[in-house]
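Got a structure for you, questions after.
Order as written gives the chain letters A, B, C, D, E and F; numbering starts at 1 within each chain.
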């Protein structure tokens, strides 16, 4: 066991944990004030419920003994055999528990990301059921495919910190959710404007801060690669924040703070799969392009008429796809000898591998999520009734009001 | 000196420091908007005033040369002899200064916890005086008893991160305070509803985040035990958040975000004494039960008619008691060979020891706090006058208004 | 490469990164609600734009091969040669990239500090241009002088974590900005009261938290000195918070929460240059005096009639000057053998050196900033027009409103 | 001249505004208010304490018009604001003595 | 019909509401306002700058009633809202021309 | 007695208040409102979606006075509130039937 590695991973795990309430604020600020608590709740409760799912069976399905490259076995169920000693298979210099909890934080935030798609209208009970099922049936297998010894990792797909596992999966699920649950009442007619942008910016700041743990921590040890991932993460966020506000300056005449925050998150998403495979200047390009791609990405919803309320598809879905492909372009063995070279470093086949991983992830998550949502809908109904939606989720689902200033 | 251990403790100290403003937000959001600054102030100023108390005499009374098992000597007064070298007695792999400041952060947050009991009506001057006296006369001895070489530690009482020192002590003081200062004007008649729940949730998030430093840091070195404490902390918080909202769902028809936050804090309190002595599944049970116990605990105040405004007794008091006893049930030498086995691991006597420590802590803190409050009351009066209370502490005690939106 | 040192610096860098949004909240809460987004934007965008400046040329100008003691060469342009290996010149136990990004976070927050001086009236475009120029022409040289092998460091001036580089430089630029841009409409006639003090206090909390990374991280390795810097930082913040509220209690009859926050920041500023050169009790004095000095410092603006909206001159300028001089008084080789003794430890010449560094820094930054502002003014105009100012920057510069509660 | 004061559901504001604009009305003033009426309120729960809240969020729209417009306005507002469920609100009509436009000093009808 | 407008201390809202409900009044509309009057305001201090604030938080309760109820209403409100200290506020009575219930289109007395 | 209702720009509040105080007026009540009028609103943009907002922040100042003071008040308010640009707002004058001071029970003129 290495002390420095262990500190690094525990601190990283704490940072990633902090991202989920950060996300709650990021999303919460963008809703109308009658739905802010309902929105915060959906993120925050993942810290509760997914933690339990993770330790009881999720971790085992993800990292248990490989079964056909598809799913982990049940050997770690209830954390059996996951103790203070390092695991021989994963992160061999830190306590197995530290690896488990670090990974758990990823499992927590991923379904929380999806909530942006169905914000302001989903029943809390249906949300809970969906989220438990989703973590079990979509997240855990995907996580296994990429990091747990499954086929996608074996194929050579590069995903440093969760471009596929976290972002494409949640982005695709978000699209399914937006389609299944349908638009908010008044979508396209009334205006849905953020009720508290300082809250959203605070959330974005916490996300950025926590993402250092997310990406650098994914080196799973403290070394030059971790420092590189830290730096590429920061640069991509910065570049995307800048490119987003410049492009909206062009289009709408003004740069906005919501654009700044959105751009930063887009950049962070885009660099996630690449952070430990590319160098700083590649990160600059990935981030810069990420800001632009996601800026246009969020306009898809008005084109296609689905109501992805807080732009999960546009930012996490598209940003994740771009990041995965960009890894196939910019990856370099000079940065990470355990990785691969991308197209720009002479290895076009990596781009193909990345492309396959993108398609597989998106199709799997979209289809499985779609089915799960339909099932949950038929059991308990996904959506609150019209009157409750009009009154807002805070009162109708939680008997609370956010502000009494 | 060990570098990794030192990073771990300094980062943990920073995290625990961050908890005090986190608490300020947690509490501040629950008050009415005319008292939010007064409430934040009472937490935040502890970072100022208790820091000074701690370095001038508090640390010495807590960790100075033992005097009869009751109190530390004056040898560390003004941090004399507390330097960059490790102390031979405490945390021998990190600079003595690092140990001192880590402990100082606990001394800071403990009196801040009490403020929830007398929120919205206490004079700032009286609060300051009480807090200085309390840290000197209640906290420092208690801290010495448990961690500084005093009788409670010698007896074998297990308190990993402050179930007695921090939570039972503040919970008991809170009960004394609620009784001495009396209920808020209109208690039981008017409605006292939280003015800003997103603020409270933000505070809860910071508390959760910081608690990793609080509990894992209490291993005082980076090792498997620290990882275990990290994991048990997270699990207990998650389990209690879930159990609280489910039980209120049953009772009131809806799960609430304030319930979620309260449950998380209850779980964190409950696991505090146990974090380094029990395994993950025990933490699950401790947390789950903690959420339920504290949920019912907060109803005591309506039963007995005292006005513990923000439920310090119900959450920190009861949660702390449950955690201490639970340590006597679930502790296992397999987790921590330096600890002890609890009842469920074949050692009933540990439960008795824990019980004694609970009674001693609660009685001592309650009685001493009661007396101190009476003294302060007779010198400067504890309570603002009726008109000032009606106007709110922000204006009457601080000449400020929180919001001018 | 040392693992523990690397964790320490990466975590410190993350903490310093977090300070910039912390500053955004600290400042944002103090403005009127129609300008909160504009104010947050000016801090937050530094995370974007200055990151790019820093990696493209700023780092090289600061830490590139020394040219005549005045500026760094272009050898690190675009991070050429800045990789995972430690640099032989700086922080030789951590990846060069880690050192670079840690320093980058300082470069980001420094221009953000200046924004408090011209809050509520500056054009965003002019601000952007000014900030890019300022980082290039003022910050980078100054940073080189002190830490990059330049004349000021060679002269023996002590600046542990940026008293000159960060605080005096931004404070002097702030004075120039307040003079060039002129007072807000209605200054001295209408009342400018903070619109959201809980936001300001949250910001102050994040600043305090992050400052541990700022000051302790400046040890650039984890060791006793880092612990010392951590402790002195905390003590000075505490002492200044206390002294500020006591002095305003005397003057205005009440202690305020804004005073508490302001005092804490003043103490943090004052200890910045000294943190690794002085002991805990010296820190107590430095902080305590810092609170008092800055309390009176903020009244200069009403005396001299300039409108330094959020008191950058009074707090960062004066606090920085006091800290630099105090380092010349309290520095001790017993704390840091690589440092020097100050006046109180028998070496009056150090005070003189510090004095020279103060004068040089302030004059350079003031004059250069003044000229830059005049240039920017003549190119695109510094100030929004009257109507836009009346409407508020949020709408006029960013087409957004902060709150729709 | 008359002042028409419309108290109705917040989300009906835009529709009422439109319907008034269509009648050529160029100005109105809107206030967020809390209404107590036949419409039942809701329950709130904070840490196990239940509170019954009787006040519902409403908007008050005030518009001063020439008397001749009154019937049309009343008609239009009712159409725009009606949902048919309890809580639709009220329209009050008040007499007005005078109106002045501050900018120009005009008064009476021209000032509306 | 008359409109009674009560401007009083915020914490008296519930008592005034109760007293009106007791008289059988089924509807009222409440606005948060700032009042300037004989009651002195307070001082605020921000970074050493002192501001005198003359406006006090008040609530305005508007209730339209049948004229016959007026004396009782005035009586009841005064009893409920009076503390005897400066700042208790005012009651204004205004003439009303008409009332319409949007939901049903009823007007006049039945609409109240 | 008359009620004068002034709807004007928020930053003019202090000046209007001063001008009224100078006339010996001792009380008034202020509400934050949103005004729709000839003054054009502004555009807001959130994630690329543009919204036209027609409502401008205004204040409503209500002051009940003796009829004899009316001309002076109208004069003073116009002077204080006028900027000459669109959006200066309106003054409405309404009849008042009665005024009661809650604290003392006085009514009519003495209660103002």
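The working rule: a residue touches a chain if its C-beta (ideal position, glycine included) is under 8 Å from a C-beta of that chain, and two chains touch if they have at least 3 such contacts.
All values reported here derive from a predicted model rather than from experimental measurement.
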Chains in contact with chain A and also with chain F, listed by label, are C, D
Counting one step per pair of touching chains, how few steps separate chain A from chain D? 1
Match interface A-F to one of B-D, A-D or B-E, accepting only the pair for which over half of the contact pairs are the same residue numbers. B-D
Larger contact count among C-F and E-F belongs to E-F
Between chain A and chain C, centroid-to-centroid distance (C-alpha), Å: 34
Using CA atom averages as chain centres, what separation in Å is found between chain C and chain E? 51
If I count partner chains per residue in chain F, which residues reach a count of at least 2? 31, 44-46, 94-95
Contacts with two or more other chains, residues of chain C listed in rising order: 2-4, 7, 11, 193-194, 196, 202, 252, 254, 256, 258, 399-401, 403, 405
All pairs of touching chains? A-B, A-C, A-D, A-F, B-C, B-D, B-E, C-E, C-F, D-E, D-F, E-F
Touching residues of chain B toward chain E in the complex: what are they? 186, 190, 390-391, 395, 399-401
If you look only at chain A, which of its residues touch chain C in the complex? 2-5, 7-8, 11, 15, 32-33, 193-198, 201-202, 204-205, 208-209, 212-213, 216, 221-228, 230-231, 234-235, 237-239, 241-242, 245, 252-258, 260-261, 263-264, 280-281, 284, 403, 405
Contact residues on chain E for chain B in the complex? 11, 14, 42-46
Per the touch rule above, chain E residues touching chain F in the complex are 2, 6-8, 31-38, 54-55, 58, 60, 74, 77-78, 81-95
Which residues of chain A touch chain F once you look at their complex with the stated criterion? 191, 193-194, 248, 251-252, 254, 256, 258-259, 262, 295, 298-299, 302, 311
